[in-house]
Each structure stands twice: as C-alpha cells, then as structure tokens.
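Next, two complexes with chain A in common: one pairs it with chain B, the other with chain C.
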Partner chain A sequence: MKMAPQDVKPTRSELLEIKKRIKLTQSGYKILKMKRDGLILEFFKILEEAKQIRGKIQKDYDDAMKKATIAEAVDGAIAVHSAAFARRSHPEISLRSRNLMGIVVPKIDATLVKSTVDQRGYGIIGTSTYIDEATAAFEKLVETMVQAAEIETTMKKLLDEIEKTKRRVNALEYKVIPELKESESFIQLRLEEMERENTFRLKRIKNKATARAAAEAAAAMA
Partner chain B sequence: MFKLGRNKGNYPYAVARVKGKKSRLLTQDNYPKLLMMDLNEISRFMGETQYKVEMAELAPRYDGVNLIEMGTSRNLAQTYRDIIGFTTGELRDIVVAYLRRWDYQNIKTILRGRFSGASLEEIQEDLVPAGDLSERYLISLVGMETTEDVINSLQNKEGFVLPEDLPTLMEQEDYLPAVEDSLDRTYYTHLLKTIQPKRKPEKIFLSYIEREIDIVNLRTLLKLKQAGLPLELMKEYFIEGGYELDDKELERLASTDSFETLLDELVNLSFYDEIRAGVEATRQTGSLSEIMLNLKKWQARQAEKFSNIYPLSVLPVIDFIIRKNDEVNNIRTIARGKAAGMDSEIINKLLVL
Partner chain C sequence: MMEFAVLGSEEFTLGFRLAGVRRVYAVRPEEYEAKLLELTEDSTLGILAINSSDLTTVSAHGRRKAMENISPVVIQVGGEEDDLREKVKSAIGVDLYKSESD
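And now, the complex of A and B:
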C-alpha cells in the first residue's frame, strides 16, 4: 500500500524497519533484474527457434499444398476426397508441462501423426503415389505445427513473464525503493529535528533553571 | 460366376460407333491452346465441345474448376455406359470386365465414406458411375443402412465378382485397406480370366493388361520398399499375372537390401529406358511420382500402338476407352493446375499425350 513519507512514524524503530526493508527490496530488485535478463536471453533463444519453425511451417505448407494440388490435378479431386474418407484415425495430442525459469510451459507430444503406407486406412494397391505423397506431406505439416504450437506458447508465456518481471523491476526501481529512501530520510531528518528541539528545550530549561537559581540566590542575598 | 456371352459380339457396329466418338476427342493441338487459356476460357471452350451437355447440366451446382472436373467425369461415365450399352456378346463382356475398375472404385468410395461417417451427399458427389453398375444402383448402395447390406446386395448382383475372402476381411476392426486391396486384386484376376487369348487382338490386349499389372506391382513394390516394410508383408500386396514381373521376380526385387539397391536393380527391366529419368529423379528427391508419370506415359504409348492394327476387334474400343480417360485426366490436370497457379510447363509435364 502506498504510504506518504509524512504518514510514517518518525521513530528509531521505524527507521530500523525501513532500513531493513530497503535492504530486502534492493536484493529483491537485483534478483528480479537478473531474472528479467535471464528471461530475455531465453526469449531470444526461443525467438530464433520460433522464427525457424515458422519458416518450416510455411515451407511444409507450401509443399503439402503443392502435392495436394498435383494429386487433385492428376488423380482428380474425387479420388483425393475418396482417399481422405478412408482416414479414420486422428492425431492425438498429449499436453504435459515443464518448468522454464520458474514458468510453467507446455510440452506437447503428438501421436498417430506420421504413418507408413500400410497404416493410412486406404488400400495400397489402388492408391496413386501422388495421393501417398500428399498424405505424407500433410502429416509432416501437422507434426511441424505441433512443434510450433509448443514453441510459440512457450514464447508467449515468456513474453508475459518478461513483461510482469519488467513491471516489478520498474516498480521497485522507480517507486518502492525511492519511496522507502524518502521515508528513511524523512525519519532521519525528523529524528534529527526532534533531537535538536530536545537539545534546545533542555538548554532553555537549563537556562530557566539557572535564571531561577540566580534569582533565588539574589533574593537570598538581599 | 461370370459367364461369357453366347456370341462374339457386334464388332463392326461397335467399332463404327467408337470411331464416331473418337473423332470428337480433343486433338493434340488443342492442348497447347488449353494451356494458354485461363480457367474461364477453358470452361467456355469445354462448353463448346462434346462436354457441353454435362457442363450446362452441372453449371447451377458447380463453378470454376469443380464444374470442369464434375462435367468431364460425368461425360466420361456417360460415354462408357454408352459403350457398354451398344456392345454385345464377348465384346461387351471384355469391355464390362475392363470398365469394372470404376465399379470397384465406386465401391471403395462408398465403403470409405461409410467408414469415416461422411454424409450421403458427400459420398454421392464422389461417385463416377463409369462402370457396369448404374448410378441409381450405386446411390441405392450409399443409402443402405449397414455395410453388411451393401456387401450382401453386391454379392447378389449378377455378373459382379466380390473377393472370396471378403467376409473374413470384414471381421477385422480396420478392414478397409485389406478390403480395398482385395477388390483391386479381384478386378485384375477377373479381367485376366475374361480375356480369352484365342485370337491375336485378345492376345495383344491380354499382354497390355499384364503390363498394367506389372506397373501396379512395381508401384506397390516401390512404395512398400521405400516405407521399409519386410518382405513377408510385401508379398501380400502383389497381384498375380504380370507380364515381366512374376511372383519370383517381385520377391527377388523385394528382398534387396535397400530402396537404393532396388532402384539399381530396375535397370534389368525391359522398359527401364522408359523410366530412367524417373528413377534418377527418385534418387534425388525420394519422390516416386516421376517414375509413375513415366510409366503412365509409356502405358499410353503401348495402347496407341495397338489402336489401328486390328480394326474389327476389341482393340479399337479399348483404345478409345483409354484415350477418353486420358483426355478427361488431361483436361482436369490443366484446369486444376491453372486454378492452383501452376506453371504451364509443369502442367504440360503432367499431361499424358
């Protein structure tokens, strides 16, 4: 909760408490800064992978579409649709999680994506190689997309975490630590002032007492 | 059991009708023109040819490349059914046995559709009734409640041969691939039985079909070897009755060390020169399509060779059937290629001219 320096009790114990908090905040700030830098490094590594996988998706997609187009051109869309009907098994996606610098990121595994010619649900003898090659190209594309989903989700989570950590670091650097330091100096100033007031008061009391003592002594003399 | 007709057939009449139909096929010089047209121009061009009736009929339902594909395949089906209609006797038996490939293909489509839970409309759209089974009958099969009903109906269909092991195959959980392979095998076995090589034309036709079996077996062999399947499994997929590749030779090729060794071994085939470019391309890219395209073109040339040598035989009829199929395939290849923005040179390479 935001606390104005004036709201702080200008006591020694509060000063000690604030000094302790400043120390703790500064060490937390250093750790968060290190975490942010680490996350950024990790992000750039993943970014490179994401760029590569994006390129691979585009390449696999172009290849799959080209092969499907050739299959449709040579064997006809009717034959391609008919072969597609035969495929009853669908790829299965299993989702696990792993820890990356304290962030939970997904680990995606896909099964039943790639198949050999005898596992595709249609006959081997009567199916053309164009359809076979289009099927294989699309299986490859699905596999790449699953890999991309894992990398891109990790990248998104990393970005969120970097943003969060950056906000925390900034809050500590520009808000919490300066405020604590302000409070610290406020208490110090206040305590010094109180000390000066006290000294002055004591001096005045002392002067008064001295004056009174002098007056009494003069009266006694008279 | 399939029975041959009582008479030899109406060869003069059938050949005269087929000649008439052949004259309406696109000529070689039409293809470069088609390659230069855009999709709308191709549609318009098709509307001025023998395909105009089907194109006009289907225009309200389809457009663009789908209209061209649907129109040409419907025309193909109608043409083949016409031929079945005007041939008689032994000639009709051979023609029907040859065109049964469409019936088996349609049955595969129906079984696949039912297997995957496709809608009736989707299945119906993918049927090409170019064989002996009529469109009405095929649609009735699509509408049947269970796959068993479909099989029972086909078993009771006169003249239609189903694999003997079909009931056993249907008991398997994932029966479709085995059933499809069995249907393909039955098609060729039955076709070989139907062709009686008593005269030279039938002998020529028989050797053409045996060559086709070689091509199918070679394709299967290459696919399976590339996938790394063991010999024992591969043996199940070969069709008996090839011209050059008998069981022994296929097993020998299948038992080679690797896919690369198999490609090396192909050099011993009598038609290796026809597929040499394809084999080289396969070595570099791993794709079998080039070899298959070479084989398809070679097969078309084989058919062309026998087209005029025996004018009053089954050969001119079969030659027309093959040419018509090639024409429809070529038009579709051009249209699909154009629609996908493929380069004219690549499209041209895919054509069987």
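And now, the complex of A and C:
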C-alpha cells in the first residue's frame, strides 16, 4: 500500500532512498514516453493500410454479393447451393507471430483460397459462368479478409499497448513522481526543523550552563 | 493450420460456401449472440467473418468481447468497422477515421 508523504520516516537514509527512487522513476517515465511515441508512429504507419483494406473489403463484398445474387437469379438457388456443397478445396490459415516493438502480432497466411474452375469440384457443364464469377468474387473477398485480419489485429494490439503505456505514463507523471517529490520535501523540511530544534536546544543548554557557572562563581565570591 | 469460419444468415453465408469455406454457421437471429460467443472461444478458428448488420442484435458486452478477440480474429463485412473506430478514438483521442465529408 502506498504511504502518504507524512507517513515516511524523516531520516537522512530515507531521504537518500527517496531521491534514488525519484531518479529511477524519472528515467522509467522518459523511457515509457519514448515507447508511447514509438507505438503511435507505428500505429500511424499501419492506419493507412487499415483504411485501404477496409475500403477494399467493402468493394469486394458488394461485388461478390451482386454476383451471387445474379447467379441465384439466373441459375436458381438450388444450382448455387449444390455448387457450394460440391466444393473440394477449402481455404486454410496458418498463424505465425512476429515482434513489433515488444508486442507479439500475428502473421496470417492463407492457402487454397484461389482455385481454378477444374479445382472447384462442381461440374463445368451443370453450372454457368455466373456461378464461376460469384465463386471467384468470394474467393477474392476471403483473400482480402485474410489480409485485413492481419492488419486489424496488429492495429488492435497496438492500440491496447498505446492505452496501457499512456496509463502508465500518466500514473508516473501525475501520481507517482509528485508523491515521491512531496515525500522528499516533507523529509527535507522535517530534517531542517529537527536541526533548528537541536541548535535551539544546544543554545539553551549552553545558556543554562553559563548561567549556572556564573551563579556558582557569584556564590564562591560571596 | 487453422480454419476460416463464417457466421450469419443463409443469404450471407452462401457465397462463402462457394469460396470453399467449410465452417459455415447459418443461425437464426435469436441464436446469433450465443453462437458468436461460442465461436470466439474456438481455438481451431483463425478468422471469423460476420455481417456488420447482424452485430446490432448483439449485446454491448458480447459485441465488445467478440471484437476485442484476437484468436480467432473477428472480421466484419458489409458495413463500417465502428468498433475499431471507437477504439482508435479512445486510445489516440482523435477520430482518425473521420473524413472531410463527415
């Protein structure tokens, strides 16, 4: 539990300890501030990519849905459904990780996303080009989504780290360092006060001793 | 190896079946949130695709849990990525997704 500045022991060793802690905290604060700035720079680098990929997803999705609707209208829902259930190849995702300023971010790769007509598993004669076009459009959408997953996850992780670092920087700047400084000045004031009290006490003792010596001298004279 | 999954209405998921996605979950709106939360716990999934408009039926807690999930990554299609926009706003303090026309 954190102690109030008045709860610390007003001793020289405690003052030295607090001074050491202030120095350490200030260097930690500077490092965290640099980390926060570095993370924000990385974030801005990725932001443009994220905006572009979001636009691409939207475009690919609209295109794919349009083509699927046309395929259903021309060939009928049953033909589209049977083509969908006949698919042989299935997209697979591999997740690796990489380090970005101390944050582990994913590197996502996908295999078997795009396929040729003969790899799709449904008959060429029984289906129309509209189904092929819709399939190709959805394969393109899946590919874009895999790219977006990597970028958006990196962005989410960066944002979490930025928030965490910001909170730490603020805690050091507005709470920890001011409290330590307050404790430091409290101990300094207390030590000065104790020194003044001591000087005063010594002076009184000296005065008393002088007075006693004078009294004794006077008594001897009489 | 992980898999790609899709959650949504029959209409939304059909195209993904055409693209060869095996893990397709076509659910009714009342079952949507439970299924979404169940899939976000599935470690065999790498990416989960959902429709942005379906997210309006999900509670704020469920939505936040799903969108902050990393494994699988939940990707919205068919609308704006408002959750990411909000996250940027709270972390950076400025709405960086705001265009000049907004």
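Note that in this section the second predicted complex is superposed on the first by the 215 of 222 C-alpha atoms of A that agree within 3 Å, B and C clash if a C-alpha of one lies under 4 Å from a C-alpha of the other, contacts with A are read in each partner's own complex, and residues count from 1 in each chain.
The definition used in the following text is that contacts are C-beta pairs under 8 Å (C-beta built on N, C-alpha and C of every residue); 3 or more make two chains touch, one makes a residue touch a chain.
Worth saying up front: this structure is predicted, and the values here are computed from it rather than measured.
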Superposed partners chain B and chain C on chain A - clash or fit: fit
Per-residue touch tally on chain A - higher for chain B or for chain C: C
First (chain B), second (chain C), both or neither touched by A:V117: first
Superposition-derived angle with apex at the Cα centre of chain A and sides reaching chain B and chain C, degrees in steps of 10: 20
First, second, both or neither for A:A73, with chain B first and chain C second: first
Contacts of A:T129 with chain B and chain C, given as first, second, both or neither: first
Which of chain B and chain C A:A149 touches, first, second, both or neither: second
Partner chain(s) touched by A:S82 [first = chain B, second = chain C, both, neither]: first
Partner chain in contact with A:I187 - chain B first, chain C second, else both or neither: neither
Partner chain in contact with A:L141 - chain B first, chain C second, else both or neither: second
Chain B versus chain C as contact partner of A:P91, first or second or both or neither: second
Superposed arrangement (fit on chain A Cα atoms) - minimum chain B/chain C Cα distance in Å: 9
On chain A, positions contacted by chain B and by chain C: 65, 81, 83, 85, 87-88, 120
Residues of chain A that touch chain C when the two form their complex: 40, 43, 47, 50-51, 54, 57-58, 61, 64-65, 68, 80-81, 83-85, 87-95, 106, 108, 110, 112-113, 115, 120, 131, 134-135, 137-139, 141-142, 145-146, 148-149, 152-153, 155-157, 159-160, 162-163, 166
Residues on chain C engaged by chain A in the complex (per definition of touch): 1-4, 14-22, 46-47, 49, 68, 70-71, 73, 75, 77-78, 81, 84, 87-88, 90-92, 96-97
Complex contacts: residues of chain B adjacent to chain A: 66, 69, 73, 104-105, 108-109, 112-113, 115-116, 118, 122-123, 125-126, 128, 174, 176-181, 183-185, 216, 219-220, 222-224, 227-229, 233, 237, 239, 287-289, 291-293, 329, 332-333, 336-337, 340, 342, 347, 350
Touching residues on chain A, where the partner in the complex is chain B: 65, 69-70, 72-74, 76-79, 81-83, 85-88, 116-118, 120-126, 128-130, 132-133
